[in-house]
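What follows are several structures.
The following pair of complexes shares a single chain, chain A, combined with chain B in the former and chain C in the latter.
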Partner chain A sequence: MSVSTKAAPAADQEMLISGCAAIAQALRLSDIDVVTAYPIRPYDTVMQAVAKLISNGEMDAEYIVAASEHDQFEIVKHASAVGARVFCGSSGVGWMYAMEAIAVTPALRLPMVALVGNRALDDPGAFGCEHNDALCVRDLGWMLTWVDTAQEALDTALIAYRVAEDRRIFLPCAIGADGAFLTHSEVLVKVPNKEKVDQFLPKYDRGDKMLHPDNPITIAPQVNEDWVMEIRKQNDEAMRRARGVIQEAYRDFHKIFGRQGGNPFVESYMAEDADVILFGQGTLSLPVKVGVRKLREQGHKVGFVRLRWLRPFPTPEVQETLSRAKAVGVIDRDYSFGSPNHGAVLYNEVRSALYDLPKRPHVISFVCGLGGREVTLDSVTEMSEILLKVAKTGKVEQPNYWIGVRG
Partner chain B sequence: MATELTVLPTQNLEAFKGVKKLPVEEYFTSGHRTCQGCESALVMKLMAKAAGPRTVILGSTGCMYVANTTYYSTSWVVPWMHTQLGSSGSAAVGTAAGLKALMRKNRIKQEPINVIAFCGDGGGADMGLSSISAALTYPEYNFLILMYDNESYANTDIQLSSMTPYGANTTFSPPGKARRILHKRWKKNMAGMLAAGHPECRYVATVDASYALEMMNRIRKALTIGGPTFIHSLDPCPKGWDYDPIQSHDLGELAVETGVWPLFEIEDGVLKFYGKSKSIAQGRKRKPVREYLLRQGRFAHFTDEDIDYFQKKIDLMWDRWLIPGAVCIEMGDDIRKQLTRAEQEVAAAEAKQ
Partner chain C sequence: MTGSIEVVYRGIFQKTLGQRITRGIVLAAVKEGRVGISFGRYGDSPERNGIPAKSFAVVADNEEDLQTYLSRYEPTDNDVTVAVDDTLCKGVESWAWYGLQPINKLTRSGGVVLTTSMQSPEELLEDCHRKDTEWSLAVLKGIASFSGLWVYKDDHTDVRVLGAIARLAPHVVKLESVEAAIRDEWNDELKVTSARKAYERVEARKVRPDEGNPERPYEFQLPKWWEMKEGLVIPGIPVQQDVEGWEGGYRPGRNPTFKKFATRTMRPVVDFEICTKCTLCWLQCPDSCFDVTPTGHYDANMEACCGCGVCEAVCPVENCITMVNESAFGDNASQFEMYEKDKDTYKSWLKGKIEDKATTDRTHGFQLRGKYEEEVQEIIREVTK
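Then we have the complex of A and B:
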């Protein structure tokens, strides 16, 4: 009788963990090399989880408690340049404090992966979720994705490394996670085994871009006005290529792990035949989906589309999922003061994406859930009713609404 | 798990024994666009030569970035990367940590690689102070932070920094009709402050490129001793200090001879003056600061009164400070008394034996 010496691959382990702890598991599985920490709620729970993994010997990385967010991001930026796989992150004003380092990273083509535990910007002092912090990198050359569940957080972290470190891309990637709603809520998460992750995620190889005495290159020389256009253009080309690389990564991920099979860019919920569609990102999907189900029971053709990647922006998918509706309401957990129509950031992105369609739905801006305010079922009903009225009358009374604000 | 390497070994860089023994290889060569007579550029050249080829150099924004790494004509032969104005400390930590992780995981060859991050006085003593201070607390990484001090934000057109000498004419402190002296702050003691505040930092020194060999050997010592280390160099800057470039070397010497710039090193907590500063500390007469100040256009508006004030401050530094150039604290009477009492007790005990 022959005995197989090959161990059967261990099954996924189910763990009751928070979104941040799920990301920490992804970092363990990705065998990151350098990680930096600096406290700010709600992102810092990921670093607490990482610290525990390191102190227990479950993760082998240089773990550096930095003196500020600026230091944190500069440390990993340089570690990435010598070829190390790195991670760091922040929230709210911490993310802002690091902004200089964050802004230069894409041009250096360093595939840093960072978590933004979304938090309102001080002042007024607030710990609650708002998306304006992470949105500040929207125009800086970072890839930017938002996750909805702890499972998606873990999976997306693995995917983020795969895409960011792909030589065709070499761009940093930020993962937006709603403060408290996702960062702190515990749910059951499938934590895959290391062999599967190794199959999915090759080692980071910086190749001839690596800073090392064997490869004595000069990184970030002064180019003045001579080369900035070309550098920005290359950054843009990488961002354009990211679309295909993201699709590839999700395809492989699905093959290996059996999850993340749908469209990588948008999640569409009862939207195919909907007259009106609510559109948004992050954890507001939970109340919105429940609200949509209830309204469907009452016979209203309401649907929901959740944006998963904001950069690169999935224009074809957004056009495709929204074009059939009569009215679209974009729910933003952020705001853009003084912007067109006094709308918010996603709203303006969506309107711009739909502009070229021969037949466009009406688009309304809903500013909702700022500073961590709950997006309630009542809010969902209120927004849907506004949209249903627009769909019925074909008239937009008001381009924007603040939902759930005290009188 | 990979083999545990808590601290990597360093290169054993022995002191150069005389100018004639210097290697001919340069690792900072042609292609840069610094002003004629720029001592900071000389510091870069000597620093790279002292460190040798197995080195990674990181430079924060300033003249030594802007003028040295123009695209297509970088002057660095060793690998070089830019870091943000206030990030020399973080750049050093990140690079050392990245290399260490990769070596520990056997992804690159295990070998001692010098990591040097440099910054100007603006980037180092002002904006980057916190980052440098933090960096000097990580004993597990080997790197040197060198602050080249041309005493102004030179690259942005000579604005005053916290390292600019009292009263100097800069674009942020021009002498005017109503106020001759706009800048009344006294320079910080960077090296002393960093040495005193960072017990894990095994080596801190001040250097002056007019004494090139001594300077290079201090760099070699810092890199050999390992852990986080710091060196502060004083660099005459013809543009900012306003003098004929031919005088750079002389001014570097004068800074030491007048006692304005004391040369010292602190190795494992033990402070030593060296070079001419050693003889000054032992009683050799200092040249009057007037000779140093009046050779620079930035002090051209000084009256005798201003020069006297400057001289008085330098005298104070040498005569009253706990450690000239490093620790500006005098002993209070009770501490002095305590120390004398302790000395008396020791003397009494010795007499008894």
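Then we have the complex of A and C:
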């Protein structure tokens, strides 16, 4: 399909749009070639927003309505192999349904960018936010990042293309966006002009890996046990390189757009001198920061660290920001049933990252906000008080708390 | 003490046969108070049409010795290597072992290669690659026990091989325990007789290191992780190559390391005199194995042909292409070159190949319904005589 597109606005604009619409703006600015759609809440608003941009003539991309989530990912996977810049996404069980296609993407080194509008895994048929859906790609070779505002969603989508399509990387990247709280809430978002984006984001060049009649290659042949370890090792090396490429991308982004100047991997909020630190990812950062400010007013040295990239995991930053505290509470909007200490996923990642430090804080697991339950100021206070007590006594009464569960 | 048996078979057609032999070894070993495992060489290949595949049996005096083998794909020091199709003596090749593996490669020094064949040991030795140490070649007289897709041909080849193994490697299993295992498993005295007859009749011949096919089998090195192209990308094969020694003609590019002739049980022979150059064989060949000659004929390249028989099936000219048992050939030379050099010699060579019913009357069983039932009875009568 080819449509004539309207000239893009020359200047930056400020628009009142949802997180999903902000992602759609980033897709317009990135000149994506192929986008697939299959509806599932809360991701579906991004495909609706993209459809609207295309029908309004503001964007030109192949918009393919797939027969299922699995088909969606297969379509973009193959489109990426022939050199198209692609976008895809899903939520909850839809993301899980596509898992076969999702799982093989890293080995093929196809740099697709995907949005996971985070949603509880059915049953029950819950639409609320939970991170377990996206976390299922944690160990598959996908890069994985979480955003906390619509602005960050837009910026991160641009950065994700830049990093994923870097020849040193060529790995898929999933952006986790909290269902409802981010996907469906409209806030003011700065939408940059196309010229700046072009300066930041080069064209996707697949080089000699592009499937094209002029470049006869086979992609994904049958391999047996004598090849798999080598392929995994290549993916591992790419993931290790991603750390440096992400830093480069944020540096350039800050230069061009004037935003995203801090540490790309973690946001440290009042944590430098904190006795106790809350740690988490996604939109819960907003009430937690408010809670931290209130507790600070009351004289408690509480801080917050937000994880922005889970894969590659920023071990040095996590070690550096958390090691100074006496107690760290990891707030998880996910759970890992039967895991060590019956903790959740981030909790176990953080504890693992801190293990080799000569002096390490106590780490508590807070399971909170599952299935879209609100993380309130009261929750923040409750968690902080538990941590302050641990910091004061040096004793951990229990390693794990379910915050806000009835009972 | 540990003993191991390797059974090399043709995927699909002999899968059950291979499994029954290795299971039989373990069942017999158990009769002697020993322990054992029977397993297939894991991979995709055993399910593929005619691709060489393997089953193994390992027996040991105790669990500890046995467990040393439990996470192996292939034991590398087999007391007996069984080839249930004698054309496998030319070498073993599949996706799971790179290059051409000589049939005696995993046979231990002093071990035995046992094959069912109508050929003499001397004829078979022309196919078997040389080995650094001394080994033995044993021939159990009989035709290859092929079946159609997933169909098992119960012609006593399994128990005959078991009987022969008891004779060749009594430290692995003894005849009495093989007989006891057959009674237990199949409850058939005729099968016990077959095993005993095979035990009596099998003959082994010592092979010196200077005997056998002197060719070095082709092989290649697996790349290191940083040598491989990232993203599971394999460069395409160049489309065209000139044919060395030919003025004109055409040879399609072929992957030099992809499965080749060891998958073949039969090969096409072409009567160039009556060929109409209709191109059907060339177009239909799934492995692009035909070279186009300067005269516009189609020369089946024996380095590439896997012997599937599609060319014979599609050829519209009667008797122009005939599939002939691979055991009737000693090399992979070009038929067209032989024809060009001396047409009369070629004609008599061709006649000899296609008129010998012993070498052409062989199928994988999907062409003639009911053929096996007759054949099985005939073979049983023969081997239990």
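Following the convention adopted for this analysis, the second predicted complex is superposed on the first by the 397 of 407 C-alpha atoms of A that agree within 3 Å, B and C clash if a C-alpha of one lies under 4 Å from a C-alpha of the other, contacts with A are read in each partner's own complex, and residues count from 1 in each chain.
Heads up, the rule we're going with is that contacts are C-beta pairs under 8 Å (C-beta built on N, C-alpha and C of every residue); 3 or more make two chains touch, one makes a residue touch a chain.
Just so it is clear, the structure is predicted and the values come from calculations on it, not from any experiment.
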Thinking of the overlay built on chain A, is A:Pro216 touched by chain B (first), by chain C (second), by both, or by neither? both
Which superposed partner A:Lys233 touches (first chain B, second chain C, both, neither): second
Of the partners chain B and chain C, which touch A:Phe170 in the superposed model: first, second, both, neither? second
Which partner, chain B or chain C, touches more chain A residues: B
Check whether A:His184 is in contact with chain B, with chain C, with both or with neither, and answer first, second, both or neither. neither
In the overlaid three-chain picture, which partner chain does A:Arg109 touch, first (chain B) or second (chain C), both, or neither? second
Chain A positions touched by chain B in one structure and by chain C in the second: 215-224, 226-227
What residues of chain A sit close enough to touch chain C in their complex? 107-110, 170, 208-209, 215-227, 229-231, 233-234, 238
Quick one: which bits of chain B touch chain A in the complex? Just the residue numbers, please. 1-2, 53-56, 58, 65-66, 69-71, 74, 76-84, 86-87, 89-91, 93-95, 97-102, 104-105, 107-108, 113, 130-131, 133-134, 138
So in the complex, the part of chain A that touches chain B is made up of which residues? 31, 33-34, 57, 60-62, 64, 66-68, 70-72, 74-84, 86, 100-101, 104, 203, 211-213, 215-224, 226-227
Tell me, which parts of chain C touch chain A in their complex? 42-44, 73, 95-96, 98, 222-226, 228-237, 239
